[in-house]
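The same chain A turns up in both complexes below, where it pairs with chain B and then with chain C.
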Partner chain A sequence: MSEYLDDDMIVCRCEEVTVGEIRAAVRDGAKDVVGVKRRTRAGMGLCQGRTCEKMVMAIIASELGKKTDQVGTSSARPPVRPLTFGELADAEVI
Partner chain B sequence: MSIKMTDLLVIGAGPAGLSASIEAARLGAKVIIADLNMKPGGQLFKQIHKFFGSSAHHSGTRGIDIGRMLLEEAKSAGVQIWLKSTVIGIFPGGKVSIEREMDDGTTELVTLMPKELVIATGASENAIRFKNWTAPGVMGAGAAQTMINVNHVKPGNKVVMLGSGNVGLIVSYQLMQAGCDVCALVEAAPKVGGYAVHAAKIRRAGVPILLRHTIIEAKTDSNGTVSGCVTAEVDDHFNPIPGTEETIDCDVITIAAGLKPTMDLIKLAGCKLTFDGPFGGYVPIHNEKMETSVKGVFVAGDSTGVEEANTALDEGKIAGISAAEALGLISETDADEKRKEIWNRLDSLRMGPFGQRRKIEKEHLIDLYNKEVKEQKAFA
Partner chain C sequence: MEKFYDIVVIGAGAIGSSVAYHLQEAGFSVALLEKKDVASGSSSHCDAVGLICDKLPGIDTKMGQASIDYFGVLAKKFKYDFEYNPKGCLYICETKPEFDAASEYCAKQNADGYPLRMVRTKELTEMEPYIAKDLYGALYTPSSGSVAVNPYKLCFAFVHEAKELGLDCYTYCNISKINTNAETNAVESIETNYGTFHTKKIVDCAGVWAPEIGKLVGIDIPIEPRKGTNLVSEQTPQLCFHKILEYGYMMSKFDSINFKRAVSPLVEEQNIAFNLEYTMAHNLLVGGNRLFRGMDTRSEIETMKAICERAMRFYPKLRDIKCIRAYSGVRPFVKDHLPIVSDVDSVPGFYIAAGHEGDGICFSPITGKFVKQIICGEPTDFDISKLDYARFEKSKAMAS
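What follows is the complex of A and B.
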């Protein structure tokens, strides 16, 4: 139902990335979730894509005429949950 | 601070994680279970309704009581329960970093090197995009359920629920019990998704169930918070039909559009994934022991395919037994016997119109493992 989505609708709440920005990233050559993430920051915020990833997948798939299981998934990077710099600074290097 | 060693670390103290830790501890393993919440039990502590199924699966017992029971069992089995303990990463060499809140309220980073690992991180709610879906007042049905059943706070007064699966039906009913007015239940499919017994409760209460409808917009007031909900009929391809829009006055919109397995730590552990639509998205492939493509890393519950608390409990048991086997605490023959009994019980849960599909998907994950994993990767 991607054609019913306004370009200004927010998809990634944490980084405030819109449908239009994701579509532009696909036009720019992004072929998967990681490509869109690198171009737009969608999925790089507080929730690390737990909320928006499926919607991002659906938009990429729709734009490319693919199925949702053909556009990949994001890679995980620690910390997977928010952490303060103070906690990191206090941590021992091991 | 130094690196702490333990036999088994279980991540996530929901039904899957708790039962894994109980099984392994009873077989003699030194077990730590970590959960980021203040209370253990996962979603069980929100389930004030009674469960279905057989007596082996706690039928007739409320979820919250099953949670309490598991917690007592874990404690008496000697499991160390670390609450307010968030796993923030899994690093090369099998190091697991945990942000742990101490008794004095300060936090510190603790590094554990477990010999075996069970990842039972559950699932998170799917979002649905419509105009203003990010406005305050739009929330997951599970979030609303936490507010009323755990925190005893009403999310608002007039609720429109999207999705008529069991979560949508049960949470609608519980919202009414909490004193909210459920104005409508909106469902894109031509029929109700959940069990008839739950749907009947909603219908008897006089809540209109709008089939073949979807939400296309949240109306907001001058503060930007939800003040209404625009619905529309959908065609056979679930596209909204122009001209059929109607606005319902409400201050909360709850979304019960299914769940997706939480993959971040499973990805960091290096487990091989596959996309499985009926199971909610990407899931790790695993064998009959619930072991992933990474040696010593086990999975159980919703994080390996969204199902129910009952199946999570049993998968957790299998993972716990297998972890104990890997630690040399139980022979393969004895472990196989225990596992076989549980798999048979799981088969009886995965029957009927809702269960059959899940049995097929579960067998598919195990088939994929047997085909694709020739040699497991090392974890530690």
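What follows is the complex of A and C.
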């Protein structure tokens, strides 16, 4: 269904990245979520792609004629949710 | 499936992208082969600066300054914006002994004509209003010797500009074999999933993966992966106004500088050297450390905790700022802390531009230019014989 989306629709709200920018990143050579992320910042914001990643995957898959499970995910990196530097330093178990 | 190029460059990180750009610009037909995507290795798992003040006096600093000057030229020349941002750098000295050691370093660099200077607590806190007030001073480098760039955008910029000039870039390219001449051992072709690339010249710019390529032509490239970790903050108002590092960073980078800090066992064990950068996207990058962990780039919780502890010592306000991500990457480490930018006597047509450890981004412009000069048979801008691959052969011979 993502082929019906307008280019100016915002997909990544944290970084204000549009459908058109994601499509342009794929045309530039991005073949997966991480490649799109580096070219557009989609998924680099406060939510780290929690909200938009599935939509980003759908757009990449649609552009490349692949299935959504063939376009990767962002790398799994801590922390699982935002923590202050103080909480991180002080916590005994994370 | 048969392809013909004057030169094949392997690796599309900062070094390979720059080398490919410079060779394409010189008029060669060039193919850039990359195992994954452009900027998918160390060049997107690093921080964002080019400095002279983290270099040893001599050729190390000279290359840094030449590259920093060159970044300014490229920023004007390129259409693709790599977020070139000249800004000064402060090397924080927590104590008087650190300040004294930094003063000695400063004097050496001044003697070579670099305008570094020492600042004391009062001036430091004026320059950096959110920094801890009990620090002894700092080594200041003006923006002429300190720039920020976006490292992965730098790679995209080189590739984009080179493509405009005719570069062919092959991503997700697996190299299975390099064929050399049976008599002369000269480079002849590369076999890949894109078919066979016929070429007389190969430049190995694969960073920590450069030894894998070296093996394909039977040579040993002494590069080891050295891990580093950075934390990314949420977007914040501007917390720092310079590139910030602690003087202990030098200690961590060059084990020859033997200087003991009063830090916790965790910070010591994790080999933490605080550095802080405010990016154009308004996030803070907070680092960092140097550890040998093979190719393991997972973010370790103990490292993260140690970075937080050390960072809050210098910027107490960080306590209430949120960390949204940690990332780790591996630097291509060479024992003598100098990159390898060189031809290889035993394999005619095979060149190496790799092993820049934590300086790959900073050194990428000048390295591209040097490789172009070496391949064209031109004199290099200055003597880089210290970067010759033959130095390892010599030290092997001496050892045996």
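In this text, the second predicted complex is superposed on the first by the 80 of 94 C-alpha atoms of A that agree within 3 Å, B and C clash if a C-alpha of one lies under 4 Å from a C-alpha of the other, contacts with A are read in each partner's own complex, and residues count from 1 in each chain.
As a convention for this text, a contact is a pair of C-beta atoms (placed from the backbone, for glycine too) under 8 Å apart; a residue touches a chain by one contact, two chains touch by 3 or more.
None of the values given here were measured: they were computed from a predicted structure.
K.L.:
One more residue to check, A:A89. First (chain B), second (chain C), both or neither?
P.N.:
The second partner, chain C, only.
K.L.:
Determine, under the contact definition given at the top, whether A:P78 touches first (chain B), second (chain C), both, or neither.
P.N.:
The answer is both, since A:P78 touches chain B and chain C.
K.L.:
Quick check for you: in the superposed arrangement, does A:M9 touch first (chain B), second (chain C), both or neither?
P.N.:
So A:M9 only meets chain B here.
K.L.:
With both complexes superposed on chain A, which partner does A:V36 reach: first (chain B), second (chain C), both or neither?
P.N.:
A:V36: touches no partner chain.
K.L.:
Let me test your reading of the model: by the given contact rule, A:R50 touches which partner, first (chain B), second (chain C), both or neither?
P.N.:
In the superposition, A:R50 contacts chain B only.
K.L.:
Touch test for A:V26: chain B only (first), chain C only (second), both, or neither?
P.N.:
neither
K.L.:
Take the contacts of chain A with chain B and those with chain C, and give the residues found in both.
P.N.:
Comparing the two interfaces on chain A, one with chain B and one with chain C, the shared residues are 48, 75, 78-79, 83, 88, 91, 94.
K.L.:
Note which residues of chain A are touching chain C in the complex, please.
P.N.:
Chain A reaches chain C through residues 15, 28-32, 34-35, 38-39, 41, 44-46, 48, 75, 77-79, 82-86, 88-89, 91, 94.
K.L.:
Can you list the residues on chain C that touch chain A in the complex?
P.N.:
Answer in residue numbers: 37-40, 44, 152, 156, 169, 171-172, 231, 233-235, 281, 286, 299, 301, 304-305, 308-309, 311-312, 318-327.
K.L.:
Where on chain B is chain A touching in the complex?
P.N.:
Result: residues 1-3, 36, 86-91, 95, 97, 99, 107-109, 111, 124, 126-127, 129, 131, 133-134, 216, 238-240, 260, 262-265, 267-268, 273, 275, 277, 281-282 of chain B touch chain A.
K.L.:
Note which residues of chain A are touching chain B in the complex, please.
P.N.:
1, 4-6, 9-11, 13, 19, 48, 50-55, 68-69, 73, 75-76, 78-81, 83, 87-88, 90-92, 94
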